[in-house]
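Same chain, two partners: subunit A is paired with subunit B first, then with subunit C.
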Partner chain A sequence: MTVAIESAPLLQIENLRVYYWTQAGPVKAVDDISFTINPKERFGFIGESGCGKTTTIMAILRLIKRPGRIEGGKILLKGSDILTLSDEEMRQSRWSRISLIPQGAMNSLNPVMRVQDQIADAIVTHRGAVPIRELRERIGDLLETVQLSAEVADMYPHELSGGMKQRVCIAMATALEPELIIADEPTSALDVVVQKAVMETLIGVQERLNASMILIGHDMGMTAQVADRVGVMYAGKLVEVAGTRELFRQPQHPYSQALISSLPSIREKKRGGGIPGLPPFLLNPPQNCLFHPRCPHAVAFCQETPPPMHRIRTSHMAACHLLSAPEQFDSAGESDGGVLGATKAAAGAEAPSGHQTR
Partner chain B sequence: MSLTYILRRLGIFFLILWVASTLNFVIPRLAPGDPIAALIGEMEEQGATVENSAELINLFRERFGLDDPLPIQYLKYMAALARFDLGYSIRFFPATVSQIVAAALPYTIGLLTATSLITFVLGILAGALLVWHSTPQFGRAVITFFMMLAPIPYYLLAIIFVSVLAFSLGWFPYSGVVSVGRLAEEGFDFGYIVDLVYHSLLPAFSIIIAGVGGWVLGMRGMMVTVLGEDYLTLAEAKGLKDRRIFLRYAMRNAILPQFTALAITLGYVVSGATIVELIFSYPGMGLRLFEAINSNDFPVIQGITFFLVVSIAVAILIIDLIYPWLDPRITYSRK
Partner chain C sequence: MAPPLLEIRDLTKRYGGGLFRQPSPPALENFSLRFVEGEAKITTIAGESGSGKTTLANLSLDFIHPSSGQILYRGQDISEMSRRERFVFRREVQAIFQDPFGTYNPFYKVDAVFNTVIQKFKLTNERSERRRLTEEAMEVVGLRPNEILGKYPHELSGGQRQRIMVARAFLLKPRIIVADEPVSMIDASLQMRILEIFRNLKEEYGISFLYITHDLSTAYQISDDIYILYGGSVMENGDIEGVIQNPHHPYTQLLVGSITLPDPDVRWEGRSSSAASEDTAAINLNGCKFYHRCPHAMERCASGTPQDYSVTPSQTASCFLFE
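On to the complex of A and B.
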């Protein structure tokens, strides 16, 4: 067993469900998702807004607020389920084991506290009182690792630029050397030049700490460059997980395909398109496959049976009937052969293991 | 905090004082006729005999230089004001307005500053706790109960207190600031202070209980806004202790606008709590103002009004000067 620890995943999410209990009924913001994150791995989440990415990471920090509730599942951090921790144990785990680089760095710093005090807050709470001189030195070093001068420690958030605030957040997130850093759109609010620099800083500190990282980003290009593996979320479901290269080259789920083909490309000239339609209203979601109303390949079967997670390769999974029950699509005899035919051909040709498993 | 900021604030302060004192000068003079003769005449009409009325009129004429041209009058008035010389009371002649104010001010300031601060602290804490997630249900119920008292006017509470606690039960004195026979001249010892506080308890309670609700509502509103801020989520993600997030992250930000309201409330302190003072025969500014209005004692009314303006201006000056310390963004945005 001791040998296995090295390769054991750092984080295992099993059948996690998070519902928001609205007056009109439950909204299944995260519905039965499972994935794992290995040590030192960078795991990216992509998907349209409102697909449950932020809810998932908030569940990992156990910061889901009413009317939201974690309805079931397991969140195993190094094998032990954090959902069974007491509130106080969970509080101690936050930041020291799992830290967060928040979505809105612009407003994530307390406007009436100096940067130093905000970083010190995290250190002192978890590590106990530290002599002020030592604390200052620690914070100065931390700021240096994110390319900020030590003087920033004495500044207030309003005196910093957006990029500087984001760097402060990164410094803060690494202050206790956590095992897992969650970055929720760490660069979305920044301009493109600063985005790249901030992302490089973030990866630098993550690698130095040997920490794992969950990265949420609307910028798929950035995710493609940075993440080792990527999970695609749609309407609270994880529809595809694969190595980054593989996913972007051979996306298997029609949603991933549509998402990735909406990316502008330097090589080919095409109209900047999106995916027609909007993610479903989760109070009244479509039956079974949630993507079928927008899916170019959908057949009646998609509404009748929930698509199982289908393993294409050891590290590549997708939840679509096209992969797990291709015969349904043959018998449906869809007329528009173009896209569907090509996709099926691709699925058939490039995922032979899929046929074998079945 | 920059020097420019301080100078700008001081400038505004003196501007307010100048405008207020000028209005105080102009308004009575807009009335037709001789204001002093009119006052005396009015008093005599009401059947009061004003002794030494001729002497009074002459004193006032001399004091205000009412025969001088207006600009000279204005300068003399301002010069007198600078020495806090506000003229003579008509009713209590030859007492000066300054003497009357000086006699009443300590009681009022003592009672109202204490009650205002207590009300503020209670209201702010209760308002913040009302929407804080870890406040026990029982605590919320208690706060809600006290908020139900908020719409009751404080003077109604005062009357109930006097009738029940003072008259019927006899637990508290129902009038005055000290027991009959005990005078300030006897010495400002411990017993005197205890007696003073004991006499102030009922008026204080009626002001506090009726006043807390307003602060609760204001603070609750701000708290709700702050609770949605990203920095609160991050504070929680940092694993900080609940109390620290509550005090340093949530309350610390939600309280900022309340400080301005507190400053204005403290500024109003010098005008006294007229009705409470009346009900408890508490010899503060409110009672003096009431008497002055009742007897058309214009110099006293003007004097108290002027003091009120000065003290509000001072309170706002102070809050403005400490605001950059409370909220570091202020100086910055004014640069």
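On to the complex of A and C.
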């Protein structure tokens, strides 16, 4: 591999839009998001449920089902747009180039097939017939990389614990050595002690394959530990992207700040956690900045103008007027603050503790 | 002296068994706990799946019956209560469950939740009074009644539904609320708001909580003391600050070490534990329950059952290391 290929992004998403068409109109589940994932990188998505994380990865796999539709944008995998592939070409790419460890993956195993037959299925479907001895050897190796003993190959899913089943799913998802592994809540159904071990296995496999990984998890502690970079999604928009340390230490978008300060931790006891209000109803979302009804800093300008993605540093971007148009907040403090301040008080709003934006 | 509000004495529960079948290993063994009137507190019962924490919840709500041991409510054994006593017990000990979706009948408006309890517990017959009680309870949990009443469950978010369940429990002016994984199905950003309500109910209304969870981070935020269960037995018990910040029992250390901190600068402690240490079904039935997974296991742990040894004035650990 040459240096040039190494430094080009593996996955490049440009202005992706995914809408669900309901009788009442389009629900903009993913609305104009752009980001890149570099080779060998682990990219984490955080945000409340319903903010578009799963829709985004389903779009990358082209598994959006009706009434959902990819409305526009590009998904470039090593420079070529997978949205232009035929269905058959896309089917070949799934699993072999991009694989998915879905939410509750352990329940996705077929209960009446032995583990080895299920793994073999994935290999044979994509690679064609393989001599049986070679196949068995391959499956043995795969199980070993996920720290399972060879006997597991002959077992049925019900004979395995939750953590073991999840490891089988990891073995299956990585059987064809994909370039991109997408893990949607890969450990959320497991016990804490097991979560940690399974996550370590997954990272081990990803590093061995030199693959990139997209990680979605409602456990933000896990994301903080595992991801290299993190994207924060809110109501179908990507509101902030930054290196993991930078994001958790100095979040710039008020939503990221509230989200991160709401996390329970064993390091400190907090009072008054949580983000006031609820994520917007996407059939009838607020105008322009989608977060303004819940934002402690909002001024009238936020309702009138959409916030552009503002580059704070090369690796840190956030879409908030506080960063791109700070002058709006200095003058607006007295006049507009009153009106919006009153609506926020009614919604039980309070300023997020901790981080100061300016 | 008045008897304690709730006293659990040497409670053991085995499922199954019968005339010809071996009873299964205990789901909960020799568990004791006490809530005193006037000293409201939040007690956490923590453990992995299969540790017996839900069994304890079901026992203390009198949904299932103990194999041995007693649960006394205001000094009266709950399995031998008269109708009148049971009526009081049912009102004063309330429950909140894990699934904020499954607890509702989808065909009824959420108002039915409140109307049913008001009727069953004969709180009032008057329409206006019923409305007042409902609205008061909803305001305590931070919901605006005019936004919620008249809606169907599917129109509300998980967090709202769970808060309605807290409001429903509050309506009955309980002394104790048993909350079995109340926030595990709720978004991380909303969990603390619900738990904050628990803390307010404790501080302002003197309601005690039995908070059952697998999540030590949320437990640390709100509870006063904690019991760590493994395989039905208490491994460590004590003041929350001590148990989380200074865990003594090897199992507590494993649990605390597995917590992911939302801080990229603090790495997970240690490297991958072996597959054996994650097998939650590996419970040693003859001695210390944790023997098979314990990094400090000694010969005597295989067959001897450790007592609760004091490790600090407010903390006990059930491990021979501290004998």
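Observations, loosely collected:
We adopt the following convention: the second predicted complex is superposed on the first by the 324 of 358 C-alpha atoms of A that agree within 3 Å, B and C clash if a C-alpha of one lies under 4 Å from a C-alpha of the other, contacts with A are read in each partner's own complex, and residues count from 1 in each chain.
In this text, contacts are C-beta pairs under 8 Å (C-beta built on N, C-alpha and C of every residue); 3 or more make two chains touch, one makes a residue touch a chain.
Please read all numbers here as calculations on a predicted model, not as lab measurements.
Following the overlay on subunit A, a side-by-side fit with no clash is recorded for the pair subunit B and subunit C.
When the shared chain is aligned, no partner comes close enough to touch A:56: not subunit B, not subunit C. By the touch criterion stated above, A:256 is placed in contact with neither subunit B nor subunit C. Of the two partner chains placed around the shared chain by superposition, neither subunit B nor subunit C is touched by A:206. Looking at the shared chain after the overlay, A:264 reaches subunit C, while subunit B stays out of its contact range.
When the two complexes are overlaid, the chain among subunit B and subunit C that reaches more residues of subunit A is C. Looking at the shared chain after the overlay, A:194 reaches subunit C, while subunit B stays out of its contact range. Contacts of A:92 after superposition: subunit B is touched, whereas subunit C is not reached. Shared-chain residue A:222: touches subunit C; no touch with subunit B. Between subunit B and subunit C, the shortest distance over C-alpha atoms in the superposed arrangement works out to 13 Å. On subunit A, the patch touched by subunit B and the patch touched by subunit C do not overlap at any residue.
By the touch criterion given at the top, residues 48-49, 147-148, 161, 163, 191-197, 200-201, 218-222, 224-225, 244-245, 248-249, 258-260, 262-267, 269-275, 278, 348 of subunit A touch subunit C in their complex. Residues 229-231, 233-241, 244, 248-249, 252-253, 256, 326-329, 332 of subunit B touch subunit A in their complex.
The touching residues of subunit C, when paired with subunit A in their complex, are 48-49, 142, 157, 159-160, 187-193, 195-196, 214-218, 220-221, 244-245, 254-256, 258-268, 271-273, 275, 277-281.
Within the complex, the subunit A residues that touch subunit B are 61, 63, 91-96, 99-100, 102-104, 106-113, 121-122, 125-126, 156, 158-159, 169, 172.
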